[in-house]
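After this come two complexes, each holding chain A, first together with chain B and then together with chain C.
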Partner chain A sequence: MKYNSIIIGGGLAGLTSAIRCAEAGLKTALISAGDSALTFASGSIDVLGIRQNNSLVQYPFEEISHLPSGHPYQKLGAGQVKQSLHFFTGQMAKAGIQMSSHGQQNHSRLTALGAIRPTWLSQPGTKALSIAAPAAGLRRVAIINIAGFRDFQPALVAAGMKKHPEFAGVEFTVADINAETVNINARNAYELRSLEMARLLKRDLFSQPKGLTIFASAIQKAAGNADLVVLPSVLAVENGNELISQLEAHTGLHICELATLPPSLPGMRMANALRQRYRELGGLLLEGDEVLSGYFDNNKLNSIKTRLNPSMPLEADHFILATGSFFSRGLDSNQSSLTDKTFNLDVVEAGQREQWSNERFLNGHQHGFSYFGIETNERFNPYQNGKAITNLYCAGGVLGGFNPVAEASAGGVAISTGWFAANQIIAQRSGSSGTAK
Partner chain B sequence: MLNLINTSFDNCIKCTVCTTRCPVAEANPDYPGPKQAGPDGERLRIKNPELYDEALKHCTNCKRCEVACPSGVHVGTVIQLAKAKHGGFKKGPREFMLSHTDLMGSLSSPAAPVVNTVTRLKPVKKLLDKTLGIDERRTLPKYTGQTFRSWFNKQSGTQEQFKRKISFFHGCFTNYNDPTVGKHLVSVLNAMNIGVSLMKKEKCCGVPLIANGFFDKARKNAELNMNQFARSLTETECVIATEPSCTMTLRDEYPEVLDVDNSEVKDRIFFASAFIAREFARGNQPDMKPVKLRVAYHSPCHLIKAGGVIHTMELLNSIPGLEVIMLDQKCCGLSGTYGFKKENYSTSQSIGQGIFDQIEALGVDYVVTDCESCKMQVEMNTGHTVLHPLTLLAQSLT
Partner chain C sequence: MPEDELSFQDKFITSCHTAGIRAEALTPKEALRIEPNVNPQLLGAVRVPDGTIDPFRLTASNILDAEEYGGRLMNYTRVTGLIIENGRVCGVHCMNIKTGELIDIRALQVVNAAGIWGQQITEYADLSIRMFPAKGSLLIVDYRINSMVINRCRKPADADILVPGDTISLIGTTSEKIPYSDIENIRVTPNEVETLLAEGEKLCPIMAKTRVLRAYCGVRPLVSLGDDPSGRNISRGIVLVDHGKADALPGLITITGGKLMTYRLMAEMATDAVAKNLGNTRHCETAEKPLPGANGKNADVHAPQVSIPVSGSAKYRHGERAAKFLSDDKKQNAIICECEMVTRGEIEYAVNNLNAKDLVDLRRRTRIGMGPCQGEMCSCRAAGIVSEMTHADNSENALDSIGEFLQERWKGVRPILWGDAMREADFSYWVYDNLLGYNQLQSLPAPVSEQLFTEQDDNVAVEAA
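== the complex of A and B ==
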């Protein structure tokens, strides 16, 4: 069986490229070995937020030219990065989620530990704070939990926020909403994860005619006249953003949801929207299968063998490898070496084992391993034994040369490199007349 | 006693992705979800089997947790084995009836017209509900008067004349309930110059037996089937099944769940679509005429798990004139015998509601799916007739 394009990896990079290919009319298949890291993600898209010296980036696209030459953004240039994000925002809107940005400027988002992180694109339920002055206009912040829910700790959020000098003059209120107040009946509240809380609220509260009003008045009572109300993201998976805006209308308060410990509902919402969009475009999604190996010939990848159908290799004209980094099992390491698990492609020189990481894990300094990944040429083709594979592209976390965490760039790199890889394939196909059957 | 326990469930990193995809956990708050019932519970059960949780009975074994798991944990299997090991199955007359599909088939089929009439009567359904706990709102499967095997025997001579031959594992439903799909497989393969042969004997693959805790019986069936396969494969290329759950069980569950070694034949067991799609790709494609229909395709849970959706889609897309809309990959809720049980009826219906609504909104001519259980559920809950992909292929033969 032959496809125009086969994408390996169902995360942000894989889904973006798959949507781009399917929209261009290519016969596309996406293979995903289990759910992606989107289920753990914040639901915002970081493009480029932090410099090497730890200072905040205000204008991410302007900053791209200052990055080192091996960085994926340098290969793309600011113009293409911008275009890819524009494409992504459009696709999310078509799937029902209106992402928002502050023009060319980054904004700040809160985390469940009370940290303030720079980001560029957020869902409406995440209240964007100013990048330069995150506490501007805030005198009182109320942090509210549903009593018994353990994956969110309001006191921790408050303590984290207070560490920022900006928030020195802000008054914090920490409060709980009791399950009885909102008529929810949990078997064991302390066993619930965010998703289970959302299902419970849907069943016991929001499906009732007065559910929304009951919850709104509980928030009002707990929050008083706060300028910003912070809630864990536990209210709803689908239409969570709409629910928050309805609650804002009812209460007259500004409500901000924070992604909790996994599963993260804003991340799930994004993943669901992208999968739905891909399906609508006629793309084929193969979940729960894994690529075991590839058949390479003459510097091209001809076909791949998968775990579930080992005797039936899948052929394609072009492939995109978007398997993610160590956590997503795209990259693997042992005591002395680093490998790409799927095809054994050439990876960046990792150096001595002692230099892979800092002695202290969270001391604010960068770790060497964050930059590890597959080495690619200007077109994001990887190398095998020094030779470029011309019909295979790499995208997202599997790429080397950038530090997704320290520079706050994971989402932007995934989207822009995925989009770019798909564009290369589309351009080559319109240049040739061959079609896959 | 060290190292005797399989601790592969420890690959679970507690991310809860499995629960995000669990149709039962979404519909029924009494089920704590696959993470707690599976790997979390297993840790506790190793310490003390008395911590076995009643809630395990809610799992339908749809395997969506395994498809979603990023860490490769066999969540569904852990749950099934825990249930089996700690006596978590209720094995009453209802469970016996629902799971022994070949026995029930061989008893009912000879009296099919009577059985079919009787099982449609309201008082009878009420009686089954009250005495056995088979929900009265459920449409019961019909039986066929002429089994697939007896139909096949009449024309096995024709099949002998083909140079290439495959073995067909027809399964209980095709043999005793509705032989249509089997007949269509024969005509499609014949059009591709491939003959069909049956195993001398075959037993139920075991999927309903596993789901109801009859592991010993399932293992016996598995051993018989594997012997038959080995024998049959000396004269044929491979074994083909048209039912996704049968295929998954024969290929993957025999070693994983029943501990029956199938390594000798495993690579030669194929889902029908996979085998035919591979033949098409190699150029062995019959002439096809347009089938001008708009259909919605529903992908069965066990076909997703076995990696077979790609082949069915390939076949449907190869039929000229056919417009195929892929439904959201959600569970239909019946899960074989699960939805027939009174206590599961509302969970089963609420799981399937999303699919039913989507089908009604699309306004298609037919619904297409590979699974007989999904077919029953969709036909009972929508105004649509459900066809097997092979039926459409058979229609397109010139």
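== the complex of A and C ==
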């Protein structure tokens, strides 16, 4: 079986490039080993939010030119980054999620520890706060937990928000809606994870005729006359954004959902939407399989061997490697060195192990390991033993040369590099179709 | 092992017998039947009575015992000087290292049991007890490889003992003389990690495939008696000094040296000396009375609503005292730390009864965050409970203690940062810095004098004598 393009890795970068390829009519296969980083991502897309000195970036696209030269954004330029995000927003809309931004500006999202973190694109259920004045218009905030849910701590959200000087004058109330009020019947409601809670709420509450009204009045009771109601994101995976807006209509309150400790429902919602969009476009999705190795010839990748089909290599004209960082197993390390597990491509020089990380875990400075990844040329082709592999592209977290966490750029880099790789493939095909065949 | 001298085995058995310790030679086959993960290349084996202690439980039980007898624990309080009046020690000057508050405590007798820091305490009175700091490092692996302690049969050396504990095994230890001025800045070095791994694999080859969870090091408070650069041959003997007799400074007693194994005897010796000075003639009952939680066999705990792994873990950690929190209440039974099976009830018990004021304390009383995930999920959950239980204005402390807790875990992870540990660290970093935005909350100033009180944390003091 031969494809035009095979994409390895089903995270944000892989899905974006797969959608782009499939939409352009390429015969595309996407191989994905398991859940991606989206399972614990906030569900907002960061483009570039924090400078090295820890100050916040207001205009991310303008900031791109200040980045060091090896940075993926520098290879693309602000124009392509913008185009890719435009493409992404369009695809999300087609899959039913209307992402929003504050124009060219970043906005702030609230986190489950009450922190204010810069981002660029958010789902409707996330109330985007102004980056310059996050507390504008807020006098009373109600933080409400549901059924003693273990992975959300309202008191900590309040404490975190209070640390921000902007929220100094804001009054906080903390409340719990108990399991009986929302009719859920679990073995132990206090032990549910976000996804299990969403399933139970669907089964026991929201699928009942009066479910929404029951929940809406419980919120009203708990929230009083708050200007903003903060809930853990446990209400629903599919159509979660619609559910929030229905609740807003019912209660007349402004409701904001926060991604909880993993799994994160807004992130999963985004992953589901993208997968659905890719399938609609006729793409082949091979889930639960894993690429074990590749057959390289003449600086090209010809075929790949997967765990489920070891005797039947998959061939393609072009490949995109989007296997993510260490946690996704895109990168691996042993006592002394780093590797890309799949193909043994060249990685960014890592130095001594002592330099892979900082002495303090969370001090606002990036860890070396977060910066590490595969080295690529201007077209995002990786190298193997110093030689560029011309029909293979790398995208997203597997790339080296940027600091996804510290600079708040992970989503933007995944989308733009995935989109760019797909464009390269599309351009080559349309260029070659007239001549070769 | 083939590289060790077989003749040592006979000498070892004879010496054990001379000391009155049972010791029986086993064939390699017998040894492998008892401990299947042992290196099959072994040439012989000796079985001796040996055991392990859970240092966390031991500490918590001692605190509880002392408080039940009317004592008071002042945690996070550092002695900054001795109160000396008319040629007599009458108490100590202290500082609460969390609040900076200065406190004087007066007493008829002061006992200096400050371990390696004992030298500093005596220096406050211009006395000198010369401590001999010997740093020891060990690795904790994420799997219980062995069911009983396995030792190399040779003269004590680096990484010659594999000790099972609850759900893990640990390979230890190294011994390295360090300058006294370094005792607060110790860390596990890459060389030590390499030695521990290489030697550990010789004991049980499966270690090569087992994930290393974290590294730990501590300082043995030995009293300098000889001139041995490694500290291996220095006596681990108990040193009791009544400074009234030794230095004509009554009111102060120093107890140090020894081993964890001998701590009750050391306590008894020190208490007897205090009692004698106070004119109290009652005999010490330390050796006769079990610690709280140690009456297990006589007082079984019923917990029908709780699953066996949960009640088992609770009893493992608290003995019969687990009955104080194992309940029929769903909220209390909710598992907060899934790696170590710690319930909300156990956390509340530790906060209410065991002096746990924040996450770092809580870990030492309950083992939260000590499992494979190193506190990723449970630290937020537990912080939420602590802030809920204490009053509302403690939330900020609870929030801060998440960072301290993760930092404290990080110290142990950094030396072994590769493979699965790297994956886990990457994941935690994403969750805390990206998803939860922890860095946006604060620039995390280091608490006053954090070193002194955190380096000794994991006192996994289980090296066989």
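What we mean here is this: the second predicted complex is superposed on the first by the 433 of 437 C-alpha atoms of A that agree within 3 Å, B and C clash if a C-alpha of one lies under 4 Å from a C-alpha of the other, contacts with A are read in each partner's own complex, and residues count from 1 in each chain.
Here is the rule we go by: a contact is a pair of C-beta atoms (placed from the backbone, for glycine too) under 8 Å apart; a residue touches a chain by one contact, two chains touch by 3 or more.
These numbers were taken from a predicted model, which means no experiment stands behind them.
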item: Combined model on chain A: chain C and chain B, fit or clash; value: fit
item: Cα-centre angle that chain B and chain C span when viewed from chain A, reported as a multiple of 10 degrees; value: 90
item: Touching partner for A:Pro262 - first (chain B), second (chain C), both, neither; value: both
item: First (chain B), second (chain C), both or neither touched by A:Leu284; value: first
item: Contacts of A:Arg329 with chain B and chain C, given as first, second, both or neither; value: both
item: Partner chain in contact with A:Gly364 - chain B first, chain C second, else both or neither; value: second
item: Partner chain in contact with A:Phe40 - chain B first, chain C second, else both or neither; value: both
item: Touched partner set for A:Ala158, first chain B, second chain C, both or neither; value: second
item: First (chain B), second (chain C), both or neither touched by A:Glu354; value: second
item: Superposed model, chain A: greater residue contact from chain B or chain C; value: C
item: First (chain B), second (chain C), both or neither touched by A:Pro124; value: neither
item: Three-chain overlay, closest Cα atoms of chain B and chain C, distance in Å; value: 5
item: Chain B and chain C footprints on chain A, overlapping residues; value: 40, 191, 262, 329
item: Residue numbers on chain A that touch chain C, as the complex places them; value: 37, 40-42, 46, 54, 111-117, 148, 150-156, 158-160, 162-163, 188-191, 259, 261-262, 264, 325-327, 329, 332-335, 353-354, 356-357, 359-364, 367, 369-370, 404-406, 408, 410
item: Chain C residues touching chain A - in the complex, by the definition given at the top; value: 190, 194, 330-331, 333-336, 344, 377, 380-381, 383-384, 387-388, 392, 395-396, 398-399, 402-403, 406-407, 409-410, 414, 417-419, 422-444
item: Touch list for chain A against partner chain B, complex; value: 1-2, 29, 33-36, 39-40, 187, 191, 193, 195-196, 199-200, 203, 262-263, 268, 276, 279, 282, 284-289, 306-312, 314, 328-329
item: Chain A partner contacts - residues on chain B that touch it in the complex; value: 15-17, 19-21, 25-26, 29-30, 32-33, 36, 66-72, 267, 274, 277-278, 281, 304-311, 313-314, 326, 328-329
